[in-house]
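Some structures to go through are shown next.
Next come two complexes, and both contain subunit A; in the first it sits with subunit B, in the second with subunit C.
Up next is the complex of A and B:
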């Protein structure tokens, strides 16, 4: 059962609106039974990509498969949407219904509905059953949308900015729910620009910037390989001496150099010693620094 | 058991969890035969991916510190076997190595670490002498 066939796979997936290239040649590969975060600034192309994956908008070029179904094929994409639970960015719901009605309505469409999870989430989210969706706050609407997706046992759960509008407690509950879903074998793919939440629960990070995929890696690998190396020299070498494989950026200030590497930190340190660095300091970097550095460089 | 994982450091979460379980076994907080929480339970409690817990448990099983029993979970196996001196030294070296690595990660310099070690050893000898 534990196959490693990607749940989502795209090749050169692109979308243009007139002269605006929203998504540019994205090759995504999302592994099953894991939590993958789709990280990017607002407007980086996250929602456009997700909507293409769900067959809601047509790619300009390139292709993709989700759960083995071709996303651009209308028939296959309808079939696909039954196997996916999706929480959209704007959490569009039927405004005229009450919370109770929309749950009953949604429940009737899915065979994988789980009353136990529904009850548990109703309690922990403290949702008012008799209130109409229209009258709910943004955070409450988000919680309703989450409940409708999480009370199923889909193969794949896709969430577009699930934490938007949630307070810290709501975010915590949402993260717990995602972890629980993954624990039951669901593949979770969620977009976010909130680094702390990504850093906590994600197995993998796909980072998109200006429509391009700039990082696709396991978060634990990133923790282990990204480093910031501060060097001091009595006479500064040329930057090109340190432009080794894995070096993402070099900044110079006075007699100091700050080298940002995505791998091969030990090779850079060795080279610095050969260049007679008087001080070498290696520091680990968090996802925030990696994100900012990558966004700056590309 | 209390565990605390720090997502912002340069150390993979599964390694942090492994170290904390190992430490708990070494300090006696976890003893032979103790059961660890289930994968989903611990993942939800720590709010980390279940795969983090899976990886830590399976690596620790590989090391022989945990035993995974079909359907009933993970159990600590701390063998009170008579180890040879070489084994002890070997183990000590591994632990010191790990500690030094961790200290380096936290930004301590070589000479600072050495000074700390020497100071502590000196302190320990003095305590023994009294």
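Up next is the complex of A and C:
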């Protein structure tokens, strides 16, 4: 049965290391059966947040639930990990095992293992079963890590920078697998700073910057509401005249102004006309521009 | 399957240690009594076995320290702890399996070399005694639990592939120095495991009953150290 109860829900989730606040009051809500991208620069707090969700790091404050289980409760954390497949940022696996051994080892912990998918991924990734993990390249290791996560039918799939180390074909296969998993009812939550990947497969985007969640919206909504408005004036008005709700940034150059809005583009255009703008150009923006603007402004 | 993982993780170190210890102990049985002085054959041979045990104990402490240098903290250094901690297994269980595997390997590293020494001695017609062998084994296993617990605790507190064993060996050495004084000598864990506290110098035999109380006290010291190790890992961020 499909429900709309968030698969991941955090309330003011924070993590500090001494005086450094890695994650600051994050209120995350990840909708079920969708693909949610977790965007952010290096060191923005993506991995720390993910590790808190998985019980690897204890939150300093705030709380979170994943699949209805409290992340800070060790017993509940074990339960929720039964239903989650996870691919870590560095994709490190046990060097002392072979590919075959680590598959056998991982398979033993989960009842939702799918041997048919395992075989299919082994073939498409061309993984050598008898080779030791130690001798694999980073790309091959990433493929093994992906196989271990994708050869199941988890309720939630969490991937931390899944495409890192993969060649273009590998990235393509991985993205297709994620879409397929989502189509079968798995919620996918993946961190990335590869905007094209996110634009291709994500339904929702959560953006974190300096430990704070700065965007949590559906990609379609963002595409519809974010606009870049280029204005030309014969006599430049003060910036504050255009600082309306939804205006994220204003840049001035000569007699021109570039206004970046997350909503209310039409209101800004109307105000610009009231201020006698000689030229008004409204352009839709991609996720890349939104990301860069948000990061700059935050 | 956690046992399988624990075995694969430690098997090289374990087998290398086992082969090394058995080889050197066997060599001691065959050649340790060369150039024997004019003791009675029986007494001299016990001296050989006693020396073999000291050698075994030294190698055992080194091997057990190395075997216990694993676990989540080491995995964190190599970046694989995220994979382990994402498994639906509690940290307590991870630690218990690791301790269990370590204990089994530690016991094998005492029993097998002593059995080999005993069997070789019996086979080639040299003097041997089951009760003496059992005494030495009890001392090493009972007293050795302290070294085992120290290695486990250090591996749970100190990061770094080389730092942790160096600290562990440093503590073992420090214990040797601290307990070298006259008043503390009878509590020296090293003198205990090598049997010097119970050795009759004239016969080269261990004398008296097996000191179960001393062994129990050592275990009572080792147990809280193991508990602290588990608690430390349970509370740590990875």
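Convention: the second predicted complex is superposed on the first by the 298 of 298 C-alpha atoms of A that agree within 3 Å, B and C clash if a C-alpha of one lies under 4 Å from a C-alpha of the other, contacts with A are read in each partner's own complex, and residues count from 1 in each chain.
Just so we're on the same page, contacts are C-beta pairs under 8 Å (C-beta built on N, C-alpha and C of every residue); 3 or more make two chains touch, one makes a residue touch a chain.
All values derive from a computational prediction rather than experimental measurement.
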item: Which superposed partner A:237 touches (first subunit B, second subunit C, both, neither); value: neither
item: Touching partner for A:202 - first (subunit B), second (subunit C), both, neither; value: first
item: First, second, both or neither for A:75, with subunit B first and subunit C second; value: second
item: Subunit B versus subunit C as contact partner of A:58, first or second or both or neither; value: second
item: Which of subunit B and subunit C A:283 touches, first, second, both or neither; value: first
item: Subunit B versus subunit C as contact partner of A:86, first or second or both or neither; value: second
item: Which of subunit B and subunit C A:96 touches, first, second, both or neither; value: second
item: On subunit A, the residue positions that both subunit B and subunit C contact, one per complex; value: none
item: Contacting residues of subunit A [partner subunit C, same complex]; value: 51, 54-58, 74-75, 78-79, 81-82, 84, 86, 88-90, 92-97, 101, 104-106, 108-110, 145
item: Contacting residues of subunit C [partner subunit A, same complex]; value: 1, 4-5, 8-9, 11-12, 78-83, 85-91, 234-235, 237-238
item: Residue numbers on subunit B that touch subunit A, as the complex places them; value: 7-15, 39-40, 43-44, 47-52, 104-105, 107, 109
item: Residues of subunit A that touch subunit B when the two form their complex; value: 33-35, 172, 175-176, 179-180, 182-184, 196, 199-203, 220-221, 223-224, 226-227, 281-288
